[in-house]
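Given below, in the form of structure tokens, are the structures.
The same chain A turns up in both complexes below, where it pairs with chain B and then with chain C.
For the complex of A and B:
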């Protein structure tokens, strides 16, 4: 099957899945004991039935759930995600303003995770059962066992409060103005504007949360790289390559690493999706105004248009990353192209 | 999904109570010192949790404002928190919540997932299609976001946090058990059972399922550390135990407001870390044992 037809088919399958996601999010935000009215109106307003009725009417809560859902789907078709109860802005607008912060954080984290994780995993596999291997395994076990919210606190305490090496919570120091908006990533935008002072400040704020966020991913990528390299290195064609007298580094890079790529691509794609969506805890501690914070606030205030919007966005990101991963299989593995 | 098809070989060797099973287990443990270490840490925590009321030097709920925010000392090994409660006692008591919560989530989600996955895989057809599409929708959500949304909607409490996690967790097990059941149901001994007239239901629950369980149990062990991490994360966000309860995630979040009193958060976090680490040791050992390809080379 030509690759574009495969992609088109996968994109078509996306639609029912996304509808399922909206349905699940709708059920969660509606079929529960909690009431958005109590979550969003104050004590005083609650005691006035007129205000409560007006609130229900404004957000369509007075209509039967099935009708509410159909109205939501109808609006969605025209690209309208509704309005957030909390911020009173369009959800799409909210998401657009929170997303860049998370992309900046998660992308820095995945770049770190891939660089360090692959390097450690390779070293570990090539020097199996030496102290290098043992150290790398301990580091990766630490990475996957440490609660990220705790690591964030410890890192802030040591590197910000005690040592003062990096800037504290937030994206910029108080009083600094964000660079002119191009991508929404402060580090990139400040570079584009040629503003070094803003860049170094933004980078100083970014580095700690990004490293903390990367801890789990780095551990995971190290483990997967190690185990898939070990598996490939034990195969017959590697022995053949050795027997032919090929140089060791050529064997490792051209023969082994290429064949170890498939599980690696899977885990990198999966991790990036998880990083984009799993920033809730890290963002909470570093006061990072990203999608995780938005999702947290939406959940706790039962702001259902916002919950639905965030769920849809994140599910979409997840699914698209999966698709890219599957397409990359074709690129990496010529055997798949033949079938 | 090669990891799923291999476990059967190990399970037959180590998990069934055939003669020689014990010596197999002992051999496995001898070759994997990290598994022994993991088990030791886990058992130690179980003992500490059960014995907390007797072992803990102070009442974990007792406040003593005069002694608030004391650094670690001979009287208070891990210091005291913002209400003057003994952090050491609270950490010891914390295991009584976090461990059972994680195990409970895996147990309930495992049972629900197994039943749904077994029915889907065994009966097939539209039921299978439907069940798999539903699991896909659940899995399109990232764990923490879905758990957080459900826990927030149900209202913050310990039970609700567990319930939210079960809702998020079961699809994994449904998918794994389904693929195992599909693999087993075409085996000859299943056909034989059918041929001698064993009713369908009995074939599924008595013949097919028991042969799928071992790998699912292995998956559950590996998963436990993860469940404990996510549960602590929910508590940390204020969506689990109520503020007075000695729960590890909650205690770490107490530490945020008292940044300079590092001991409030540090020890609770270490407790989570040791437990999750123990499960990763155990899981790693099992995974290595299951994957013979990793053993032979270089």
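For the complex of A and C:
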């Protein structure tokens, strides 16, 4: 099957999948034995029937759940994600303002995780049971097993408060004006605007949370690269290549690494999705105004429209990443193209 | 030899990457350069800018809709109310936009005379029309704070400088309520131009909120420059302010959700004030010459509640059982657990409110007496109990930790307590519907007057949740409750609140646990900081 047809088919599946996600999110939110009224009104206000009635009317909570859901779907089809109860702004506007912060953080983290993880993994596979391998094992074990919350605080204490090497929490210094909005990624936007001062400030704020966030991914990728490489290096065709007298670097890069890439691509795609969806703790410690904190606030305040919006967004991210991963399989593995 | 080439290249690459990741940071860092072991402050070093770290809870900055902590600080700086409190207390009401007022003999009509010098930030005079518009708008939006206006029958403006407020029944707390940011006087012309309305259907027709989230239309010492949700709120000095001008030109409220992060930033000098420190962070800051700590008392009341509805409360509908609970608790231990300035309120009225009994002067622990009371109630063989509570930390109080302490204390006195934590919203729902036999909760005052605590009496907000209703309550406490609701003489009220507390200590369905301390960290060069329970901090008084 030509690759574009494959992609089209996958994209067509997007719509039912996303509708399914909204339905699930809606059912789960409504099954919780709690009431948005208690989550969003003060103690006195929630005891005042008039205020409670006005609140339910404002957010459409006075209608039967099925009707609420249908109204939501109807609005969704016209591109309207509704208004957040907590922030009282359009959910789309909220997502547009919080998502770029998380993308910037997660992308920096995955870039670091992949470069360092693959390099370390390769080294330890090729130098199995040497000091390099042992060191890499310790590093990856540390990355995988250290709670990110603790690591974030310690890193902030050492590199920000004690050494002053990096700027503190937040995306920019207090009161600094963000660069003109193009992508929403401050490092990119400030470069596009040629504003070096803002760029260096944004980069200095970004580096520490990104490294902390990358710790788990780096450890994971190191381990996967190592085991996958070892498996491939033990295969017959590698022995054949060696017997042929092929140069070592050619064996590693052209033959072994390429074959080891398949599980690696899966892990990288999956990790990137997780980084985008799972930054809550890092964002809290680093006061990073991203989607994680928004999702957390939405769920603790039973902010249905925001919960639905975030669920849709995260589902969309995972679906797209999976699609990209599958397409990459085609690129890396010629056998798939044949079927 | 050939074998080594790719490997050494890779090793080198990895080392370079690791080094880069460690060293890349200082190179682009424009901000803190190190001298000695303390980084130099960045923006906050500027004498005309104040940076305050706070866990942002803003849902709206529209005075007609907001009800949270940060908005009350912002509103104090950007708007004014008819009357206000002195900077450091909530015990008396003093003039603000109103230079004087008269109260009719029946306590129903309040006539305010506006200060003729009062000006909005655009230079327009503050008139009675603006007051009428602001109050009616807040009331008719029917939002979170509008219950504060429920006792107001009418607001009228007989002339430009006179406001007449008519109540539906006497309300001794009305002046204290008027201090609340919800009663901020907005510039009618400006807000109307942005879609604001005070009509009866304002709940659905008022569209000024988004504008008021980005701008202010008040007469206070500051203007709202911007609110970037989840990031920061910025105020700039109002150069047209009709009173004493603010000392600092620009105030930035940074959203820093974690107390640990606030502490690090305070030490680094990146912020001037850390609003949400925890009591256990104080000892490690005490030796720091660059930091001073304000320690005071919050007005949060943490308490246990039974349920006087026998069908729900079971054993906990028996006043003797609740009395046993009060005698079983180790108050000193609870106080230590709270840390800082934490105290034990004697009854259900926090220290600092009119008529409140002195701290730590309530029931003292007496395990034998608690056992005897349990026996008297018919539970000499032990009483199985389930303690429900929200699984969260509020104002530094970890409910799980306190529930465990309560469990240990009560078990010593013959109870057998099982802990039943629940997610906050789920627990809150059960609490609100009065479905909990025995629970651990907290109460924050809605306005700074002791009257707010009659909600703990029969048919009050908390009374209802504890199954304490008029039909089954003593006539004495009902009479006291009704008298408190309308009594306006403070000397008389003080005595009556004393009676209320004594009654609750003896027969109420509650056990007061603690009133937590609060800790605010300041850089040593910050002066003029004064804590007020209503608006927490008046930034216009601060200089550095």
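As a convention for this text, the second predicted complex is superposed on the first by the 339 of 339 C-alpha atoms of A that agree within 3 Å, B and C clash if a C-alpha of one lies under 4 Å from a C-alpha of the other, contacts with A are read in each partner's own complex, and residues count from 1 in each chain.
We take it that a contact is a pair of C-beta atoms (placed from the backbone, for glycine too) under 8 Å apart; a residue touches a chain by one contact, two chains touch by 3 or more.
Since this is a predicted model, take the numbers as computed values, not measurements.
Superimposing the complexes on chain A yields a three-chain arrangement in which chain B and chain C clash. Of the two partner chains placed by the overlay, only chain B lies in contact with A:233; chain C stays clear of it. Contacts of A:161 after superposition: both chain B and chain C are touched.
For chain A, the partner with contacts to more residues, out of chain B and chain C, is C. When the two structures are aligned on the shared chain, A:302 is found in touch with chain B and with chain C. Judged by the touch definition given at the top, the superposed model places A:311 against chain B, while chain C stays out of reach.
Within the superposed three-chain model, A:47 lies in touch with chain C and out of touch with chain B [touch as defined at top]. When the shared chain is aligned, chain B and chain C each come close enough to touch A:153. In the superposition on chain A, contact of A:284 is made with both chain B and chain C. Judged by the touch definition given at the top, the superposed model places A:262 against neither chain B nor chain C. When the two complexes are superposed on chain A, the residues of chain A that touch both chain B and chain C are 32-34, 153, 156-157, 161, 284-285, 300, 302.
Put simply, chain B touches chain A in their complex at residues 133-134, 136-138, 140-146, 148-155, 225, 229, 232-233, 236-237, 239, 249, 252-253, 255-256, 259-260, 262, 265-266, 268-269, 272-273, 276-277, 280-281, 284, 291, 293-294, 296-298.
Within the complex formed with chain C, the residues of chain A that make contact are 32-35, 38-48, 50-51, 54, 57-58, 86-89, 94, 97-98, 112, 115-116, 119-120, 122-123, 126-127, 132, 153, 156-157, 159-171, 173-176, 197, 199-201, 203-204, 207-208, 211, 247-249, 252-253, 284-287, 289, 293-294, 300-302.
Contact residues on chain C toward chain A in their complex (touch as defined above): 2-3, 5-7, 10-11, 13-14, 17-18, 21, 24-26, 28-34, 37, 39-40, 42-44, 49, 51, 59-60, 65, 67, 142-147, 150, 203-204, 209-210, 228-232, 234, 250, 252, 254-258, 260-261, 264-265, 267-268, 270-271, 423-426, 428-429, 432, 443-444, 446, 455, 461, 464.
Residue ranges of chain A in contact with chain B, taken from their complex: 16-17, 20-21, 23-25, 28-29, 32-34, 128, 141-142, 144-151, 153-154, 156-157, 161, 227, 230-231, 233-234, 273-274, 277-278, 280-281, 284-285, 292, 295-296, 299-300, 302, 307, 310-311, 314-315, 318-319.
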